[in-house]
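These notes open a run of structures that come right after.
Look at the two complexes coming up: chain A is in both, with chain B in one and chain C in the other.
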Partner chain A sequence: MSETNGSHWDLPPDGAEQAEPRGPYRVIGTPPPAQARTLLGDADSTAEVVVRELPAGPDDPRKAKGAERIVVALFTISLLASIAFIVAYVALPLHSLDGVFRSNLALGLSMAIAFGAVAMGAAIWVKVIMPHVELVEARKPLASTADARAAFAKTFTEGAEASGFAKRPMLRRTLIAASAGLALAPLVVLRDMGPLPGTSLRHTVWRKGMRLIVYGPNTPLRPADFAVPGQMITVVPDGYQDNLDVLAKATTIIIKFAPGQLVPNTPQRYGTQMNWTVDNIVAYSKICTHVGCPVALYEETTHNILCPCHQSTFDATRGAAVIFGPAARPLPQLPLGTDAQGYLIATHDYYEPVGPSFWERG
Partner chain B sequence: MSWIKARRRHPAAGYAVVLLGLVVIGLGYAAIAGSGSAAYAAPRGGPSALDIAKGRALFSDTCSSCHGLNAQGTSAGPSLVGVGAAAVDFQVSTGRMPGKDFDAEMPRKPVIFTLTQIHQIADYIASLGGGPAIPSAAQVSPVGADVALGQQLFITDCAQCHNFSGAGGALTYGKSAPSLDRSTPTQMYEAMQTGPEAMPVFSDTTITPAQKRDIIAYVTAVRAEPNPGGFSLGRVGPVTEGLVAFLGGIAILVFAAMWLTMRRRQV
Partner chain C sequence: MTLTEKALDGTGRFLDDRLHGAVSVRGFLRKIFPDHWSFLLGEIALYSFIILLLTGTFLTLFFQPSMTEVVYHGSYLPLRGVRMSEAYASTLDISFDVRGGLLMRQIHHWAALLFMGAIMVHMLRIFFTGAYRKPREFNWLIGIVLFTLGMLEGLFGYSLPDDLLSGTGLRITQGVIQSIPVIGTYFSFFLFGGPFPGHDIIPRLYVIHVLLIPGLLLALISAHLFLMFHQKHTQMPGKGVTNSNVVGAPMYPYFMAKTGAFFFFIFAVLALLSTFAQVNPIWLFGPYNPSGITAGSQPYFYMGALEGALRIMLPWEWNVAGHTIPFNVFIPALVPLGIIFTGAALWPFLERWATGDHREHHVNDRPRNAPTRTAIGMAAITFYGVLWLEGANDVIADQFQIPLFTLTWIARFAVILGPIFAYWVTKRICLGLQRKDAHVLEHGVETGIIRQLPSGEYIEVTRPVPEQTRATLEYNRVNAPELPRSAPEDADGVPAPGTTGMLGRARTAARRVITEGIPLEADGHGNGHGDGHPAAVSGGEQHALEQGGPDGADGDGHTPSH
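== the complex of A and B ==
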């Protein structure tokens, strides 16, 4: 309480005398009293270290009595919950989905109670039963004494000489080389993670004459089967419907428009390549040019194609130009035609790489 | 205000403020989310001239202000000539029509017509020519359909908007793909045939009637999946789960931190 100990700098307004065991007042965010700031003890310090007595009992013995009962009860509840966990684990059958449900519920609930009760009991113990006082613990200097340091240096040097690490260079060098070898082995493994992609990112399996088939039933489509404006369907290259590696790049959506809705590509304005469409049916890659999500949230009213992952939005009437979101390029358009039987076919592969951008794409 | 002033330093004041904030957020969400009711429309026999006349009268009373006296369309609503009975049945039996708020889209809401009235309006619109008819109960029945093919079709062409389990999802500019939890098989069939609002059309020549039944079978089968426990949170995946964990978890941590650091009151 005296000015000399320097730890009280903001006394409570009243009742300062009996507030003694509560320790010094501190406003959150302000620096601690000067004495508490010295983490490393100062050997030459003449500062007086006040050793505060830790009170033997709690601040409020009557409250502590009640709290003790609560803590005991909580710890007992925790023990019972742990026993319940073991019982539930052993006893509850897992043969049906309902059984799994009941088992999960019982295990999770009992474990939550077991942990939660211990945590709550400990918190109440600290808050109510333990006395509240801020203690300053004096520390000795962290550095060893000069004697001890000299002794260690001597031992180290003696050890190094006895081992011959300095005297026998071949031993030393081969040990270093062996360590380098150990580091090199994993590097070689990393290097060998697979062949470089080559030009495969630039091509899909679509080629002239390949039919578009509806994914799932795997049926080819005539333009007359796809005649209602506002239709949209996912198509894949005929013969590759079961090859997911191929479909990851080649999957395509086709959309039917009413006459006059498509905006043609001109030198002045990006739009749809009209000679790649058949009866106002246009085909776009289903792989988003941002990070490759399947992009097929087609809105018939706005003609927007929305990507569900990052909300990139493409205008299907204008060559799938990007109108919103992180995608940097339009969805590539697949050139369409019809074969001798009148089915929709591709007349060429995509003229540009599908899917996300990559380093050498240009 | 003195009442608040006297109590704002009470140890329980912080809890009260956090609790109040949570209640306000919860009530606000409930007010925005809203709800509607389901309706089931069963198909029936062919229309008579009387049905068409009654349908025309109902149309004139409740629909013509937007769609025109002869269903030719106005600046407020599209022409209904050629949309077919299926489109009328879908829109009216889900309560979307007659529309109330001209917002981004017409939401599902309580149905105001009886089944007979809906069919009479549908008969009138169908009499104007063209369009798909209301499917029969056998056409939409999921019994005996190929659920596996239905799933493949659904996750290829429907799931992007309606979610893998038919829970629905957001579209652009305030529009959304609705949840399919309350859709009847008839309504699902009609939606695929007619492409209501922003939904594309899946005509019978592209997705055959049998395949439409497969899709319906998948949606209804998913609905009947047993619940493995816990809160389903709409089964729309990590977004709601993360949101609940974030908001709920943060709230619990805030309460715990407040309790642990609370000082006892000075007596």
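== the complex of A and C ==
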């Protein structure tokens, strides 16, 4: 609270107010005495101590006069802009891209003017019309006085003694135990928020004989459909094109290489499982082993597969081994084969979990 | 009767009869608000939050937090007939079929960005001026919680439309959650109601985004404001400013009008941005699909440091006893921001412990007068900044034609070396600025005028330091009392209590570093030189100084000095 005093706006301090009644008791039906009807002090009784804290008028009345005109104009502009906002809302139709952008322009601009004009007006009002003042308020230390602390300590101790909280340990300990129970119980009810993971992260829907469908056109693929080696194609398991939960794990990329480009896996050096490829076509999981973004970028000249999220980079010729970035494991390779009609199929699910690492992965 | 008399006589009496407000409200109206541009930063955050509540309420009237698949039939032709979640379809409807909907979405989005930006800059201001010191530690901690909640609130908010970009963000979030050792898989399955993406996450994030976190934010912001009000504002050093007063303009009518204008101004700026600067055009991204992504996808700026930390990390992963520990994911997700937030939360207490300074502080430090604090702050900014830039490394590599892998390697070194360098440079700059201040206080303001004395000697003419400047420069140089226990040992070589043992020695060392500075002469404007400012005053100049004194106005108001 402010430490200013001497103003005739002051009411008597709290204590004084309690000591004497504010005015004579009123008889029902009679008009209240004039003094009780107002918060204004009695000017006569305090006339000698009138000290203003704030000047009544502006620092420069002439400038203030001009500023007033500007502020009035700004407030009027704001009102007009608000009306324009309503008119634009009613008059401008949407339902086309142009319509939406026109409406957005009209509504946004009128709104900005409606708010901005009031803001500017009020700012000028404060700066030019209100007199400049600088008041000083005293700051008391936040710590209470020693007396107040002692009184508090007494109250606190008395309460503790009366309740017996300190003296009756069983009461205290069982209450604490009960609180712990109350805190634990709500945790249990969160159990049904989801199923347990089980081994679901270890498998995808890919199984022997399932066709690879080009994502988008949803057509199966024959090795002969690849005219030239090079580009990367996204494929999904046949029949699951619209199942996002399946796609989040089973989405796969296939790349065709020229003969001899693929580096076979050997005990000495990680590489491609050649018996899982068909006609130099290799398939890898599209789900990054870092945090699960789709590895959507492929550079033909370097055979690098790049994840656009965190730039984990995999060498497509060497079993998608990591060559840069935060991913720690190669993209799992999908075993490929062809069915009786010559279409590309999986010959098994991925042999290892796809996507980001997890504790139980092993 | 004037307008005010009428109001007091009618409404005033009615209210006071019932609420007894004349005393307390009068105090409130006369509350003094110190003025400084940097005090507006917190207000920007507050008002952005109010605008977020207003626009967010509007959006909830039309948004459908559902992952049920529908076929789109709205006004946006390119996506007609496309299967998508109801969440995405209703966001398209808000943008194209609800009048003012696009504007509200954009204001909501811009306000969220402004909210986070303002909190960041506000926190930096509080840190660099030492405004977190006793008695305001609670408010500092509340602020850190507010910032963390704001990050989560923003992340969940931009996940709601279920467009390709937001779904990718959610996928990364899920991958990070899944990487947490022991509990990660379970946590992810419970949060998403099964495998990613499932059908539960958007409704769940929705209730967290519109009810849970805003409720917490509102409660904490109220506590933040109440404490600030109760403990009164800090103020910048200046003429008449002391640790036991508040100098400024009263709440009524000055601050009321100013802050009202400021709220309207922020609303106007956000409306302008939302009119002309498109943000998050979800219709261009398409509905979420776990097999699709766009190159160059970036998170919002307040998530950039986390994203950068993920990108910068080395591919470390352990397989131990049948378990996978993906250090490459959960370390960058938890450690860098953990260091910053935990460090920020502990710093006030660490500083108080090291310096033994248990006084209340209501006058802000100038950053240069606390060189170690300022240097640590700059080191933290550098650390965060490198991670933040690395979060956009693909864009930077593309724009500046730097190979991507090279850039990441630069960042890997810079994130360690950058903060060290920033600490050292900042500390040097602060001490240099202190020397400059000391010089000005000792010798007056340089005028650039060289005068030849009758003896043939050249001197530079200086002006006395203006009173306001002197008050600012001297505060915490002159007013700061000697810290308790600042002497490591007494005259007999007996160490002061609390300075022995390993902890005590660490404390002494920390105090030496934290309180490092360039001292002034005891009288504040003598003719001496601070430490490390070798005396270079010749006898003749010394004599002239003693006669004039830098602020003792001699005949023409100029004081000769060296």
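Throughout what follows, the second predicted complex is superposed on the first by the 217 of 362 C-alpha atoms of A that agree within 3 Å, B and C clash if a C-alpha of one lies under 4 Å from a C-alpha of the other, contacts with A are read in each partner's own complex, and residues count from 1 in each chain.
Assume a contact is a pair of C-beta atoms (placed from the backbone, for glycine too) under 8 Å apart; a residue touches a chain by one contact, two chains touch by 3 or more.
Fair warning: this is a prediction, and the values are worked out from it, not measured in the lab.
Visitor: Quick check on the superposed pair: does A:296 touch chain B, chain C, both, or neither? Answer first, second, both or neither.
Guide: both
Visitor: On the A-aligned overlay, A:122 touches which partner chain: chain B = first, chain C = second, or both, or neither?
Guide: After superposing on A, A:122 lies in contact with chain C but is clear of chain B.
Visitor: Looking at chain A, does chain B or chain C touch a larger number of its residues?
Guide: C
Visitor: Should A:355 be classified as contacting the first partner (chain B), the second (chain C), both, or neither?
Guide: second
Visitor: So in the superposed three-chain picture, is A:215 touching just chain B, just chain C, both, or none of them (first/second/both/neither)?
Guide: So A:215 meets both chain B and chain C here.
Visitor: Which partner does A:54 contact after superposing on A: first (chain B), second (chain C), both, neither?
Guide: Second partner only.
Visitor: For A:233, select first, second, both or neither according to whether it touches chain B, chain C, the two together, or no partner.
Guide: Once the two structures are laid over each other on A, A:233 reaches chain B alone.
Visitor: Please indicate which partner A:97 is in contact with in the superposed arrangement: first for chain B, second for chain C, both, or neither.
Guide: In the superposed model, A:97 contacts both chain B and chain C.
Visitor: Going by the contact rule set out at the top, does A:255 touch chain B (first), chain C (second), both, or neither?
Guide: A:255: touches chain B, not chain C.
Visitor: Could you look at A:308 and tell me whether it touches chain B, chain C, both or neither (first, second, both, neither)?
Guide: both
Visitor: I'd like to check the shared interface: which positions of chain A are touched by both chain B and chain C across the two complexes?
Guide: 97, 100, 104-105, 123, 215, 234, 294, 296-297, 308, 311, 313, 324
Visitor: Within their complex, state which residues of chain A touch chain C.
Guide: 1-2, 4, 9, 11, 13-14, 37-40, 53-54, 89, 92, 94-97, 100, 103-105, 107-109, 111-116, 118-123, 125-126, 130, 133-142, 190-191, 193-197, 200-201, 215, 234, 236, 242, 244-245, 247-249, 251, 286-287, 290-294, 296-297, 308-313, 322, 324-329, 355-362
Visitor: Can you tell me which positions in chain A touch chain B when the two form their complex?
Guide: The contact residues of chain A facing chain B are 12, 15, 59, 97-98, 100-101, 104-105, 123, 127, 214-217, 221, 224-234, 255, 294-302, 304, 306, 308, 311, 313, 324.
Visitor: Contact residues on chain B for chain A in the complex?
Guide: So the residues of chain B touching chain A come out as 149, 152-153, 156-157, 160-161, 169, 171-173, 175, 177, 195, 197-203, 205-208, 211, 226-230, 259-260, 264, 266.
Visitor: Give the list of chain C residues in touch with chain A in this complex.
Guide: So the residues of chain C touching chain A come out as 5, 8-9, 12-13, 16, 22-24, 26-27, 30-32, 69, 75-77, 83, 95-100, 102-103, 106, 135, 168, 171-172, 174-176, 178-186, 188-198, 200, 231-232, 240, 243-250, 253-254, 257-258, 260-265, 267-269, 271-272, 274-276, 288-297, 307, 310-317, 319, 322-326, 328-329, 332, 360, 362, 393-394, 404-405, 408.
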